[in-house]
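I have placed the structure first, in the form of structure tokens, so that the comments after it can refer back to it.
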Amino acid sequence: MAMVCLSDFEAYAKKYLPKLAWDYFAAGADDCKTRDENITAYKRIHFRPRMLRDVSVMDIRTKILGTEISFPVGIAPTGFHQLAWPDGEKSTARAAKAMNACYIASTYSTCTLEEISMAAPGGLRWFQLYIHRNRAVSQQLVQRAEALGFQALVLTADLPYTGKRRNDIRNGFRLPPHMKLKNLERDFEVCKMSLIDPSVTWNDIYWLQSLTHLPIIIKGILTKEDAELAVRHGVQGIIVSNHGGRQLDEGPATIDALAEVVEAVGGRVEVYLDGGIRKGSDVLKALALGAKCVFIGRPALWGLAYKGEEGLQDVLRILQDEFRLSMALAGCASVSEIGRHLVQFSRL
Amino acid sequence: MAMVCLSDFEAYAKKYLPKLAWDYFAAGADDCKTRDENITAYKRIHFRPRMLRDVSVMDIRTKILGTEISFPVGIAPTGFHQLAWPDGEKSTARAAKAMNACYIASTYSTCTLEEISMAAPGGLRWFQLYIHRNRAVSQQLVQRAEALGFQALVLTADLPYTGKRRNDIRNGFRLPPHMKLKNLERDFEVCKMSLIDPSVTWNDIYWLQSLTHLPIIIKGILTKEDAELAVRHGVQGIIVSNHGGRQLDEGPATIDALAEVVEAVGGRVEVYLDGGIRKGSDVLKALALGAKCVFIGRPALWGLAYKGEEGLQDVLRILQDEFRLSMALAGCASVSEIGRHLVQFSRL
Amino acid sequence: MAMVCLSDFEAYAKKYLPKLAWDYFAAGADDCKTRDENITAYKRIHFRPRMLRDVSVMDIRTKILGTEISFPVGIAPTGFHQLAWPDGEKSTARAAKAMNACYIASTYSTCTLEEISMAAPGGLRWFQLYIHRNRAVSQQLVQRAEALGFQALVLTADLPYTGKRRNDIRNGFRLPPHMKLKNLERDFEVCKMSLIDPSVTWNDIYWLQSLTHLPIIIKGILTKEDAELAVRHGVQGIIVSNHGGRQLDEGPATIDALAEVVEAVGGRVEVYLDGGIRKGSDVLKALALGAKCVFIGRPALWGLAYKGEEGLQDVLRILQDEFRLSMALAGCASVSEIGRHLVQFSRL
Amino acid sequence: MAMVCLSDFEAYAKKYLPKLAWDYFAAGADDCKTRDENITAYKRIHFRPRMLRDVSVMDIRTKILGTEISFPVGIAPTGFHQLAWPDGEKSTARAAKAMNACYIASTYSTCTLEEISMAAPGGLRWFQLYIHRNRAVSQQLVQRAEALGFQALVLTADLPYTGKRRNDIRNGFRLPPHMKLKNLERDFEVCKMSLIDPSVTWNDIYWLQSLTHLPIIIKGILTKEDAELAVRHGVQGIIVSNHGGRQLDEGPATIDALAEVVEAVGGRVEVYLDGGIRKGSDVLKALALGAKCVFIGRPALWGLAYKGEEGLQDVLRILQDEFRLSMALAGCASVSEIGRHLVQFSRL
């Protein structure tokens, strides 16, 4: 079977992953409307492609927080990579480094931060965290991440409680006994996630800033009001995200929320996006609407499920090729030429 | 089979109820467009969720007509509960009381008002009535209800004649011989409902007020014009309802009509809604658009069909948990924080 | 099988009519988009029903061109009724008279005008005509119709050539040998219809007026411009029609074109509609948007196919009952209470 | 099997062509959204047909660049006609001449320009070209075409690189060994198309003008900005095209982009369209929105696949008959009567 586009990897993963793992990765909250909207919303955005521009030399590199990446796609934080591939997040780290992509490692990794760092020394990595009821847990994670060379912290804001994912409940989902949430002190039941503090507010960002010199990026913002608050509280970046549709069902698709957030931010900090990226032209649309970079969640897991780090590199390479081709066909030779003029929302 | 969400109860009821009963409960008028629109209209409303609010202590209680209920969901009036469960409305009353929910008992109950009262003493109950051609019938029902401690009257305004429900006609629907409309003086053929007076007008509300000290709530309002008339005629509440899509097909979905009614009423009386509530986030949307409380019809019957009062409690508990979670994920710690800012109608 | 709604008759006709006949009656032009849009357009129109009006005495009668009919539904002109029932148009005439409905007899009847008249003396009938290349043919038909007591002429304007109906071409449709277009002088191949004059213009209405004292109604108008021309040329009525979607595909649904025509006409002449009427609430919507009466085409043929004049009466009676019920549930006790306020076009 | 409409030819071709060839002709880029939108966009455009105009004498001829054609439909440039029919482009040329239609021969023909010319001397032909990395290749092609009597050059602007057509990749598509791209000097792998110069800009049009006296038409324009640039650079015509949805996926349907281009051009040059034409009324819509002529791609190939030049004539004849009938039913007796008033974009 030729792996031509990302849905080939999805089909592979659906066929070969254990049902428990597939269901966990595929899960959306409630009716899964937001999960699916993340994808279909792209179909309502049309390009306005420009012709006869010199696209013989394509430059698809960009920078995030000052660091150059090979193209504007990184790896979103997702948990439990060992469910997809035995080496888990170590493979993810290696693939990301090989492709010069940014990898946001999840708190809920099945490898330690140290293992991730050692697997791919020098790779560009950010660390995703929650604020735990026991603040010492968060503090220790932040300081380990900083010490290990992670270059930013990504605070997830949309999970005061875990969303209701019906299939996980039906399956009685929990990690297989040989996998551990190694970054947390003891075993841990995912469906409860009772360690996370639902009392967190914007002021806790100041506390986080007091722990670290790392830039702080907030993930899970969907409105202009929260975007404004984020900037005012001194974050260095915003990831427009609805947690892959796994938290509050029937919120906006991220690509639909992006323009509102970008406008509110007005260039004061970088804005990123995750959710629904399935082909290179989706990346182009997100950049046209103001994202500096996008992150892929499930497609990275499909790549891992296919062939570990090699499979993930395949996924990234396909996205890269498709993104470059979309840019060229839309008349852009470099990322700096991408702008709002390139897209319009269709009447339908 | 795990009962995870309300559609699990629906599937159970469809599988195990006699076809005659299932068809009767499921029926919509004509092409069932309004019945189905009641549900799909929610899909066109998106949340604008807010992040990093302290949602560690959730308060989902509210008050209707001054009485506290555990969360803003009650039991809408539906007929013939014995078709779903042998104990019929007695089980409904017990479940509602156990959950501290308001139960609107239907005139077309298969238990007497007295049986309902005795089944769950002290529960919050309202009584739904029609105005009968023989006004003495209505008067007697009102006075019995008041004497038994029902706390409000709910006048159904949208049934001068019964809607055309094709399957009921095909099935020749009538109550099984061992069930009776015990609150009416004699056996009674449902499909005719010839007892109801189609000449009723707004002035009859004055007559009703003359019979009772109970507050009067009018059910079946879908326009601002009628909302204004209702307030002017001194009702204490309005239920935005299209009778579950069983009366005039191709009227508006209740969630679409709600905003118009709420705006016309301007806070002068409480506004409620029934129709299409299938998950906790539907409740949140209705409250965001101005409803004080919503009522469930068919889902209550599915709960009864599953396990009587225990099944109905399961349904209410699921809705409660989902509502609480939706609120938290949208950034609201108490019902008072829910408002119009929380939702927007999507372009599609 | 209970005949509960018009689609039951459709299913019957599809099952029992010869394929050639079913295909001919069902045919739409090209992709059949307009044929189908005639029906689906009604789904985008919502009622704004009003409550607590006295609907105990329902009056659904109306008048067209001054003549009272039992309710605002008549029989549109369609050809070849013997394809549906052996007695053909004679049965149609009897059913229409029995229901006090207006029957527009088609030039392409398989019975003579004389047979139709004698089958149901005194019934309200209009005569549909084309202007033929040989004007003597049209003149003779007009004068026969007038002499036989037909009360109006309906000039079809949308068939300078016959639309392309793919199935009729595939089937090689032609009338069975034992059926004749008895009102025309010689046998006649339908798919050519070469007798009709494609050079007809508005001025030919003056010629038609010179032949007869009967009022002239023009059928096939879909724009305000043509509506204005029709009024200026002295017609007494306009039927908004797209020939059941059998002529130009991808024109507007008639219910969508109605409002434009009604507004242009401004009450100077009566406006009617055909196309897509499948239940009583469709009639109510058409009247709310300004139609004085509607006409049914295919449903009348299904009724004939079911049981001849008895079947057609069943169809009319169901529509009548549904129309009366819709009116009552929308809060209208008489046709004069129906108005534009009763409907709104939905966002979707 | 009767060939009644163009989809009959599509079904035939799908059934009888080798999968490799069918897939190549059917291919769209990525998810094929634009390929399919080219067709569905027509469904959102409604006619406003006018009645009672004299349509007894129909004149469907028009002129493109001053040359009369039998009706406003020509043959768009597509490659590899021998994949559809052994005689390849020679058959295409004969059919086009027989129908007095304009045939735009592709650079990627499997016959030489000389063979095409000799197959149908005197036919109206334009030559489609790319600008090659080796400009001498392009120059030689232009000069051969001019010498052979081709009457215009059509520069394709939307293929700096080939779009990603998944099935062609899966199939490992390449021309069968016995077919050659005879107009290029050596064999050539289609999926690379590495001969085309992606550095081409608007200034290269001046270079092209310096080589030839032929009018230059630019193909692949979708925005008003590029339309303005095209006019300023002295082209004589614009083909609104998205390469049949084979290049950038999720750009606009051509019929949706047409109005924008026509308005920007303001009559200074002729505007044509290809993409999605499947029936005569599509042609009428395109002309109503300002196209001077449309071109068919895949339908021409289906015609070839059916019966070579005879099959392509069948396709053109059906389109011609449908176009003439649509015009008549919309009230237009000649192409000059077609205008913007004839169509409206539907709400849906």
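To keep things simple, chains are lettered A, B, C and D as they appear, and every chain counts its residues starting from 1.
Here, a contact is a pair of C-beta atoms (placed from the backbone, for glycine too) under 8 Å apart; a residue touches a chain by one contact, two chains touch by 3 or more.
Values in this document were obtained by computation on a predicted structure and should not be read as measured data.
Of all residue numbers that take part in the contact between chain A and chain B, under half occur on both sides, making this a different-residue interface. One rotation lays the C-alpha atoms of chain B on chain C, and its angle is 90 degrees to the nearest 5.
Separation between the centroids of chain A and chain B, computed from CA atoms only, is 42 Å. Per-chain CA centroids place chain B at a distance of 60 Å from chain D. Of all residues in chain D, those that touch two or more other chains are 348.
Taken in their complex, chain D has these residues touching chain C: 2, 4-5, 42-43, 45-56, 279, 281, 285, 321-322, 325-326, 328-330, 346-348.
Those residues of chain C that touch chain D in the complex are listed here as 30-31, 33, 44, 157-158, 160-161, 163-164, 166, 169-170, 197-202, 204-205, 218, 220-223, 225-226, 229, 247-252, 345, 348.
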